[in-house]
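Down below is the structure, laid out as structure tokens.
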Amino acid sequence: MFRFLIRRLAMAVIVLLIVSFTTFIVGHMTGDPVELIAPENATREAKEQLREYLGLNRPLLVQYTSYIGNALQGDLGFSFVQQAAVSDLIMERLPATLKLAFTGFILSLVIAVPLGIFIALNRNSVWDFLATSVAMIGQSAPNFWIGLMLIAFFAVHLKILPVSGYGGVSYIILPAITIALQSAARLTRLMRASMLEVLNADYVRTARSKGLRQRTVLWVHSFRNAMIPIVTMAGLELAELIGGAFITETIFAWPGVGRLAVNAVYQRDFPLVQGVVLFAATAFVVINLLVDLLYVLIDPRVKLS
Amino acid sequence: MSVLRRLIPGKRDMLGTIGAGILLFVALGAVLAPMIAPYDPTAISLLDRMQPPMWLEGGSLAHPLGTDNLGRDMLSRVIYGSRISLAVGVAAVIVGAAIGSTIGIVAGYFGGWVDSILSVVINAQLSFPFILLAIFILSTFGGGFWPVVLVLALGAWVNYARVVRGTVMSVRTQDYVHAAISVGVPTLRLLRTTVLPNTLSPIIVVASFSMAQAILAEAALSFLGVGVDGANPSWGVMLNDGRAYLQTAWWLTAMPGLAIAITVLGGNLCGDWLQDRFNPRIGN
Amino acid sequence: MTLHTPSRLARQLMLSSAIALSLAATVPVAAMAQDNETITIASANDITSLDPHMLDSNHPTGSVIWSIFDSLVRRAPDGSTEPRLATSWERIDDVTWRFNLREGVTFTNGEPFNAEAVKINMERMNTTPWATVQQLHDQTGLIEVNVVDDYTIELVTEAPTVNMLYWLAEAFIGAPQYLTDTAADKVASEPVGSGPYKLDSWNRDDRLTLVVNDTYWGDAPDAETVVFRVVPETSSRLNELRAGTADVIVDITPDTAGQADSDISEAVYVEGLRKMHMGINIEGEQPALKDIKVRQALNHAVDVDTIITALLDGKTVPIPSIVNPPNNNPDLAAFDYDPEKAKALLAEAGYADGFPLTIQYSTRFAGGKEVSEVVASYLQQVGIEPTVEAVELGQFRQMLSGSSTKGIYFMGWAALINPSVELVILTCGHVDNSSGYCNEEYDALVHEAAQTLDDDARLALEFEAQQTVWNDAPWLYMWRLPVVFGKANNITYDFRADNYVEPYLMTTE
């Protein structure tokens, strides 16, 4: 257990280093942030001064090491465009992102888990066919398009929900549904498949042949085991959502980390982009670690080393 | 129950056939575009701006799916759009599969530290917010067909590497491979004759899913303004262009979106079907 | 000093009668009063920074800074100059301006406003990083700030300039001690100024709230609270205006503006000042563009009037010169749409079979893509083979300042009324001269005009310069960018073409 943790942590650190380095290099390949920061009619000398002030004329490796050094102390740099500390900017948006992520995530679990079990138990029924088809289509349609169509119908046509923005409960409905639909489609299909696999597994058949009641078999043996792949998948989904639902947040003008990141990319706000990527990757790595630990709780047979 | 059970492969095959049919239909549309599209998709007619589809009031048979904000025929644009979207999908699959399989074979066959490095890279890649990386790269270097294909391949190669690596590792333990190694068959030849054929079916399965994924991702990137934007736009670009007119002309957004959804559905159905055939354990 | 304070009993009596009065008021009146106290302004983008010397865009960042801070002078919508923190000014010689400052002004943290405060602010403006964004020194050649006494200051420039007042209007004065002692990120998020409003709260990417500054030296504004909200989608802003949840909306396009008209709201069109054009890069990839006849042919090939009717709802006019009215040379006329003449000119120049031409645009201006595609289709009709290309904004700006665009590019310059600033853009090697145009005769005229203090003589020189550049056609001339706002009917305000919105000048009824 301890060794497993150490190994996973070492892996996490290496991964984060690769992630930060890649972002750093890509960000500095072309495109000059000074051109975006300075006004259109700024003189060349003024731009050169700014470049120097921002440290953009130092060798790349020097810039990178100083960045990592600061990051280790919790300082993710300073966004020149917004004149604010990157970590502050991320923390400011985090509540909105968490709110949307958890609402969407819970919504999708509430849909997917019961539905997946239901259609697995009623395999090849009309319900199965309907639900799998809808899930299949849900998985195939671009979710930003679904978001736009939801806006067109509920907000523009029926005018019962706000088009976009951040505010009361009514504002979260459409973005949460947009997120939940896609994720629920994936999870329902997985839940169904995983449930079927478990139901056909030898030990469940044995249990059945021993005459255990159907309900006991279902809950004690099948459900627990069927949940294992779901937990992994759901963990991945959640990690991605916390990193920011980039497009959904952009469409719905949701003031979260995702929109912060997209805007930062367009504004060529390097420190901010790097900060968000590092943040999203960290969230991802940490949640995965938690999911691994959760395995132990669900399935004691999983050996950790 | 037994009757139903016998129906399973039938239903599976049916869905697979539908999927293949959709893809074939879209591919035909792309190839035959100049013959079936009623108009030049780039012909601008400022006086015919934003006409609704024919079944709405104000629509006409002349433009069955209406016209866009510059008076171009939507139907023709959707047909031509399939060229870009499919081409991006296919190219991304080829590039991604080539890179991913090569790395997967090398890692699986040689194992050891090569394999360890691979798993670190895979982990790093999987913890990257891909869309963010993609818009970051594309907004830095500029969009366009090949940049988008490369970025999509960059996102997809891991999937190939993982399956191929697994297959290679299991092939390697087979007796005939051991025998071949012991009589000194050159490594490259060994890879070509024994390993490669075995990895083909998992590659095909991954390819059909990742083609669907690539089309979706291209749409998302174009939607964010960093996609394939040329004289003949992709569906994603059309979607993005129509967004400003959601209130007045929803069909500018709805039509290309529908085209994407249908095509991706085709790819996913095919993928499911192939997976069942090659790997019957899953799903059945 | 002792203040007579009312007894506790008296205060209670006053309070209860106030309550009685307010209870007696009818509900509608109360509701209206409530409504009038807050003005909500919805814009597409968020405010970037509240550092007074980091003002990088007119709206919304600029609008908020104009509300929190004062500059020495205000630039009126017509381009004239009004007093603000300076009460009067005079030129005492060619290079020296003297300003008399307003007395009795304090910043919201209690610091007094005086000549020293101006000096400290101007020094900060000339320091990196602020110097890049804040252009007072670069644009006016300001070299010295002299404090004459507490309320008199002199500004000395390197050479005579006619632009001092123009740039002073955007040189904002913050509380000097606070600016000097405070960390940059705090200055940018907790501004201390002397303007009509002060910051109440700011949730980035969502909303920024201003409340009235009780110690403001001028007339108290009508609205006690002003909320700047970020609503990126145009259709959402229009919906909010129609629903009454936004009182003013900014950044709407002419072809959607009609949707702003409702029972409670209306669209406001302001004659735009920004001169939109396709810049023609003479130094670009296509050598044909070096030929003046080719450039004129491009101007004859595109039907600007029809584009204005179709894409801009007819809400603007073709530009009459590269200088905005009222300073434009009235003898100049827009190139007429005449594809035959365009073909003839191309043939004369030896390009009867056309040539490949790249049209570039960026996200800088809404509709860049549509305009580029339409221009491409017109150019195709005279035999040119155009390709339309989107360029990422940062790269686009880099291309502009390095004159390295490929062929022609969609751009708009100088949303202002100041012939000297407008003309200098096209002089040889100027940082904004993205078309690589260079005509020494033109340069001589422009430079002479900029140093000519006699109005009539200067105007004559400027007219001649306009004539020269117009025929040389370094641009494919298009239109003045229409500026459209949406506003609630109960708001009265003289909207500005430069997009600044000044809530303290809005009256509500």
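Order of writing sets the labels: A, B and C. Residues in every chain begin at 1.
Quick note on the criterion: a residue touches a chain if its C-beta (ideal position, glycine included) is under 8 Å from a C-beta of that chain, and two chains touch if they have at least 3 such contacts.
Just so it is clear, the model here is predicted, and its values are computed rather than measured.
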Legend entry - Distance-maximising chain from subunit B - centres being C-alpha averages: C
Inset, instruction - Weigh A-C against B-C on C-beta contact pairs and write down the one with more. - result: A-C
Legend entry - Gap in Å, rounded to a whole number, between the CA centres of subunit B and subunit A: 21
Legend entry - Between subunit C and subunit A, distance of the C-alpha-averaged centres to the nearest whole Å: 39
Legend entry - Computed distance of Cα centres, subunit C from subunit B, in Å: 45
Inset, instruction - Check each residue of subunit C and list the ones that touch at least two other chains. - result: 233, 235, 239, 363, 392, 395
Legend entry - Multi-chain contact residues (two or more partners), subunit A: 30-31, 156, 250, 266
Inset, instruction - Among the residues of subunit B, pick out those that touch two or more other chains and give their numbers. - result: 139-140, 243, 246-247
Legend entry - Contacting residues of subunit C [partner subunit B, same complex]: 233-235, 238-239, 253, 256, 259, 306-307, 309-311, 363, 369-370, 373-374, 377, 387-388, 390-392, 395
Legend entry - Complex contact set, residues of subunit B against subunit C: 42-44, 46-47, 49, 69-70, 139-140, 142-143, 225-226, 229-231, 241, 243-244, 246-248
Legend entry - For the subunit A and subunit B complex, residues of the former touching the latter: 11, 14-16, 18-19, 22-23, 26-27, 29-31, 124, 129, 136-137, 139-142, 144-145, 148-149, 151-152, 156, 193, 196-197, 240, 243-244, 246-247, 250, 261-262, 265-266, 273, 276-277, 280-281, 284-285, 288
Legend entry - Interfacial residue positions of subunit B with respect to subunit A in the complex: 4, 7-8, 11, 120-121, 123-124, 126-129, 131-133, 135-137, 139-141, 212, 216, 219-220, 223-224, 236, 239, 243, 246-247, 250, 253-254, 257, 260-262, 264-265, 267-269, 272, 281-284
Inset, instruction - Give every residue of subunit C touching subunit A within the complex, in rising order. - result: 48-51, 54, 56, 128-129, 131-133, 135, 138-139, 184-185, 187-189, 203-206, 229-233, 235-236, 239, 363, 392-395, 397-398, 400-401, 413, 431-432
